[in-house]
Amino acid sequence: MNAMTKTGVAALKLDDLRKNFGKSEIIRGIDLEIGDGERHAVIGPNGAGKSTLFNLITGRFPPTSGKVYLHGQDLAGKAPYEINRMGLSRSFQITNIFPKMTVFENVRCSLLWSEGYRYSFWNIVNRAQHLTEEADRILEQINLTERRELPAGVLSYAEQRALEIGITMAGGADVIMLDEPTAGMSHSETDYIVDLIRKVTEKKTLIMVEHDMGVVFGLADRISVLVYGEIIATGKPEEVRANARVQEAYLGAALEAEH
Amino acid sequence: MHYTARCGLGAAMALFLGTTAAFADNVKIAFIDPLSGAFAATGTNGLNQFEFAAQTLVNDKGGVLDGDMFEIVAFDNKVSPKESLIQLQVAIDQGIHYVVQGNSSGVANALTEAIDKHNRRNPENQVLFLNYSAVDPALTNEKCNFWHFRFDANADMKMDTLTDAIAADPNIKKVYIIGQDYSFGKAVSAAANQMLAEKRPDIEVVGDELHPIGKVKDFTPYARKIQSSGADAVITGNWGADMFGLGKSILDNGFTGPIYTYYAAADGMTAAFGETGDGHIRLVSEGASNPPPTPEAAAYIEAFKTKYPDGNVSQSRITNTIEMLAAAINEAGTATDVVKVANALEGMEHKNMWGGTVYMRPEDHQGIQDLHVFVHTNDGITYDYDNSGYGMLTETTVQNAGMDSPTTCDMKRP
Amino acid sequence: MTDLTQKTAHVPPAVTLGNTLPWILSIAFLAIAPQIFSSNSAITIMNQMGITIVFALAYNMLLGQGGMLSFGHAVYMGVGGFACVHIMNMETFFSYLPLPFLPIFGGVVGMLLAVIVGSFSTRRAGTVFAMISLGVGELIAACSVIIVVFFGGEEGISGDRTYGMPFFGIEFLQHIEVYYLTAFWLLLSAFLMFMFSRTPVGRMANAVRDNPERAEFLGYSSRWVRFYSFVASGFFCGIAGGLFAINYEILTEENLNLATSGGILLMTFLGGAGFFFGPVIGAVVFILLQTVLGLQTDLWALYVGALFLATVMFFPGGFAGLLMMHVTPIRLGKMHVLYVPYLKTFIPGILAVLGICSVIEIVFHARHAPLGDEDMTIFWTTFNSHSIVAWIVAIAIAVIGVWLTKKAAPGLVEAWHEANTPDKGASA
Amino acid sequence: MDLVLVNLIDGLVTGLLLFMLSAGLTLIFSMMGVLNFAHASFYMLGAYFAYQISVYLGFWVGLLLAPPLVGVLGALVERYGLRRVHQYGHVPELIFTFGLALMIEELVQFIWGRNAVNYVSPEILNFTAFSIAGNAIPAYKVFMIFISLGIFIALLYVLTKTRVGMIIQAALSYPRTVEALGHNVPLIFMGVFGVGTALAGVAGVIAGPVLSTFPGMAIVLGSIVFVTIVIGGLGSLGGALVASLLIGWLTTFAKAYNIRMEDILTGVGFSKPEPIWDSMWQDLWTITSPQIADILPYLLMVLILVFRPYGLFGKRDA
């Protein structure tokens, strides 16, 4: 798949993005374009700046310099909730759900804004049938219907990760960013999550950080390799696999560990 | 404690079962003052004095009417107007017709208004408010009503006596007035300014200011200002921790003149001032105990101290309240028709054990009595306060203080 | 664990027995209560409870629903109340205003104040929010003695509710009439607050409480969600203030100060901030403790403080949490497993508490009672607080109680696990 | 002008006293994320313990023994109370310390009664160190200044020059890392809580004789301490120092000079409404600086939070 889309505007475009923490430069000028409907993975060794990159894109941290464009719109100075409203949704490396609320409530809350409820205090959410139906549909998709009424905090780790993906998806954003969705999972759990991701991100743009190379090569259309805050290679999985610099810097070791 | 446990159970039951006037034979008097919290010491001491007065001055002498006994029922209002109103309702439900209260004019204000409204709305079940210590002049002026009687002199009368003493001292040329920032502090300041201007126009008021009530941690800056102003005397209406903090700070920072006060004695204050305050602290009040005015008073104080060794007979007006109420009930021939009792109280002249008379002025229900200025010292003290060796020695006396003081009260009688 | 009232039915109908029964019972109870507790003082106390419940529920919109800890919430109720008293004193306007509508004005004023303060205080949650609320609370309370025009200084301002326009001939002279007015507003506000927790912004308040950052990535600004909760809470606090004004006809500095703010935190947490009805239990229990226990002992504040600390440490769910813990055993039909262990633990437990209280009371009496007054009465027994026998008996009761409780406790824990484990094959 | 000097000294005493409290509070807050609402209660306990000891053994033994006693008590509270509540999150922790403050006040009343106790400065310091224009500076005040400065320097030394200090500083910024390095973080927490409360205890011991030792002393000072650390910026020791001194001088000077709102208002061109008693703005016109001196810190706090939400020196978000 080409980076350019039918409309000619990239879903996400990074333009010489940089971030310093104190004196150390964590992100050193990243240019990247991710097309509409593309599944893109960002890989790299620990400390390469992958999570920081995510946080820059989603407005959690302001960049030191450079720009982020979502569907061609500049995200500079936008708060996370504003970016979300523009159609970008993310998950977190450390499970980030609403632990005291029920699983169903978790999903329903993530639907509210996109369904146009905003800060309304004249609607009763229990009465909104389409909300309930939509939330239940998502629960179905992430296989958590059984757990509907339990507080999210008591779910197993894999279930919480699944719920996290459900929450990320529910808002209907067309650009989805997943931060290590399979971290800390067993093989069977990983397979379950990969299937889930494939299913729910259909026709959407997906950007993910992932360590598990099996997951990355199974899911991604294109891969970017981030080393010390720079992208040293971007391309189709086989291209990246063949890239000498990548082999040297990262992949060789990782692939060895994998097999 | 003994008394709370005794009244507590009855009150708790009455609260929820709606029993009223279960013990009709006693004349019950509701004592609504702080018994817990920061002001508990003052309230408890007041309660002890009321119980003692009721016992020795009424019950031991055969009671009122046909041998009905006075019974003091204690209610803890935590110096809160809201709590006071709730406790008032509980008291009324228990068939109580007499309420005594003294700590805080704010509470007195709330009570007098509530009682006025209650009596208007419930003419079949009326109550009298015997105020033994709240001195806000407004209570017997613009806010007066038929149900309220004050047995203490009001702030203006006390200031009159204080300024007489100041005027008589030729060494005083400059005066500093400082007080808590609320109605009483402002009333003290206004009265002091006005009366000093009349009595001694040559005295210069070198400072006149208010500080936040109960909020000042350190009075040093105020003390510095007073010292720098060259004042010869200080006048303050402060009470409680504000009184002690201010007085101590002034004296610690080198002030040597007199400090004229309303409330700088007893309840731990006399002990705390101790040597520091010797000869400096002056206080205006009724009911002298040094030297003891009558053998009767001496016997009373001694009997009280035997029962409450840690207590003080600091509010002699309490004996007046009890004795005058008893006399009024006897005169009216009823303890339940409070209008009759109130009519008997109006204009009553009562000769008390403190060597003077109390006249209940009918125009505003303000008690008129002798007032004294005392000095804090350990010299010539028969009955000390706080068992500290220090006590209040009578310096000057004004008889029937404020007899002709004007009142704006427009008394509406039922 | 925000609410367990919502059932699994996918689209709940508007009116079901399950969701209307509590309200019907409440209405019935409020209507009958003055017939049972008919004395004026009982009605006074029920009025106080009603007002406090509204206030506690409004406070819990922040603490429980929104996770915002406010140390200065008395000011919203207080300022609303002050405004209402001022309206009572506007003779012509008030004579055209039926009294039952007065609380609305209190609500609006409380809300306006909340809009102003909330505009900067809700930017951040947690500790910073708590500190700002404390500072603003202290500031306004301190101003109350300075700004005499509005707050009336330390003596406060008072009015007369009976000068309002008669409402269907009722002039609100009697406490019972005020009771029904309070009860009406109590029900209405409780219902509205309950409904608020069911609205999108109410639901998001829970989300922001649990995880403000995640909420931001769902499109909601945590700050604005907090702001709207804060404003709504201010409105209902103002309603409570209006009811206070009607009931007591006077407002003073006391209505604004830290003690009042602390009290509402105390009772809300005691009752259980995690549940909608928690503050209701908290307010009722707290006022009962304050009035009944306060009549019994001077040390009531000590006991309430100890109870509060124990709740924070061992039962953070409060009374409501304790009650709701039993939902699972009841659903599993295994409550019977608990009865005997409960008796075995609680009887000595109560004995231990009473014993400890007796020791404290005896010590207090021996130290602080007037000389010669050595007799004291607790639990209907009069004895000499200076006698060694009394001390031995009280200490013995306490020690034996504690020992028996400790002995029975493991049994209770075991029974509790048993009661919460579904039988094989039968799942709830 | 002499008065300015006197007030500078008085303000310094107040400020340093405030700093001893806010330093401990800041240490505890930055380590554990807990704002100890009962901090001023430990200050009160310091005064009462010292009083009780001084009755038998004199002031100096009290000064020596009371702070460690308070510290041990604080450490016990952390170990058996706070650590238990920690699992529920920060808001319950704050509520716990709030309850603790109520409880300590009740206990103090239970043990020592409701009146002020007669805790006085030692005889040996009961003289006037020097006078400025008739205003006596008692030797005890000079002593207070030296004690506070001594403690401040000792604290600075421990934090910057010793191994324990390094660990604490590291734990302030990276608690997880420090734990990973094998340090016993719960023990450090307990220690810091103990030291923080002991600092409050010292403040109580030396302030008790001047500011009077009574059950309300914690509440009077308590909220001002919070205001101080919010103004200084939560978690910043330097900020706490600056804010303490700022508040000390601000309140002292506001009390010492009668700045009248009337003068300010007429100065900027408003004319005073007459008669003033009928005006809606009477309260504004009659305000004087001593009247509002002790609420100025709250006002300052609100202003700072509006314009600089992180406080003067605050960096880390709570």
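Read from first to last, the chains carry the letters A, B, C and D; within each, the first residue is number 1.
The rule is simple: a residue touches a chain if its C-beta (ideal position, glycine included) is under 8 Å from a C-beta of that chain, and two chains touch if they have at least 3 such contacts.
Keep in mind that this is a model prediction, so the values were computed, not measured.
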Subject >> Shared interface partners, meaning chains that touch subunit A and subunit C >> reply: none
Subject >> Chain-contact steps, minimal, separating subunit B from subunit A >> reply: 2
Subject >> Most centrally placed chain - per-chain CA mean versus overall CA mean >> reply: C
Original post:
For subunit D, which other chain has the most distant CA centre?
Top reply: A
Original post:
Just how far, in Å, is the C-alpha centre of subunit D from the one of subunit C?
Top reply: 31
Subject >> For subunit A paired with subunit D, centre-to-centre distance based on mean C-alpha positions, whole Å >> reply: 47
**OP:** Could you tell me the distance, in whole angstrom, between the mean C-alpha positions of subunit B and subunit C?
**Re:** 36
Original post:
Considering subunit D alone, which of its residues make contact with at least two other chains?
Top reply: 113, 291-292, 294-295
Original post:
When you check subunit C against every other chain, which residues touch at least two of them?
Top reply: 142, 146, 301, 368
Original post:
Drawing the touching chains as a network, do you get a line, a ring, a star, a complete graph or other?
Top reply: other
Original post:
So which chains end up touching which?
Top reply: A-C, B-C, B-D, C-D
Original post:
So in the complex, which bits of subunit B are touching subunit D?
Top reply: 37-38, 40-41, 181, 207, 209-212, 214-218, 220-222, 224-225, 227-228, 241, 244-245, 248, 252-254, 267-268, 271-272, 274
**OP:** Could you please specify the touching residues of subunit C with respect to subunit B in the complex?
**Re:** 37-42, 44-45, 48, 142, 145-146, 153-156, 158, 160, 162, 173-175, 248-250, 252-255, 291-292, 294-298, 300-301, 365, 368-373, 375-378, 380
**OP:** Spell out the residues on subunit C that touch subunit A in their complex, using ranges where they run on.
**Re:** 1-2, 6, 8, 10-12, 14, 195-196, 198-204, 206-207, 209-211, 213-222, 224-225, 228, 232, 274
**OP:** Provide the residue numbers of subunit D that touch subunit C in the complex, in ascending order.
**Re:** 29, 33, 35, 81, 84-85, 88, 90-92, 94-96, 98-100, 102-103, 106-107, 110, 113, 219, 223, 226-227, 230, 234, 280, 282-283, 287, 291-292, 294-295, 298-299, 301-302, 305-306, 309, 317-318
Original post:
What residues of subunit D sit close enough to touch subunit B in their complex?
Top reply: 3, 6-7, 10, 13-14, 113-116, 118, 128, 131, 133-136, 138, 210-212, 214-216, 220-221, 224, 251-253, 255-256, 258, 288, 290-295
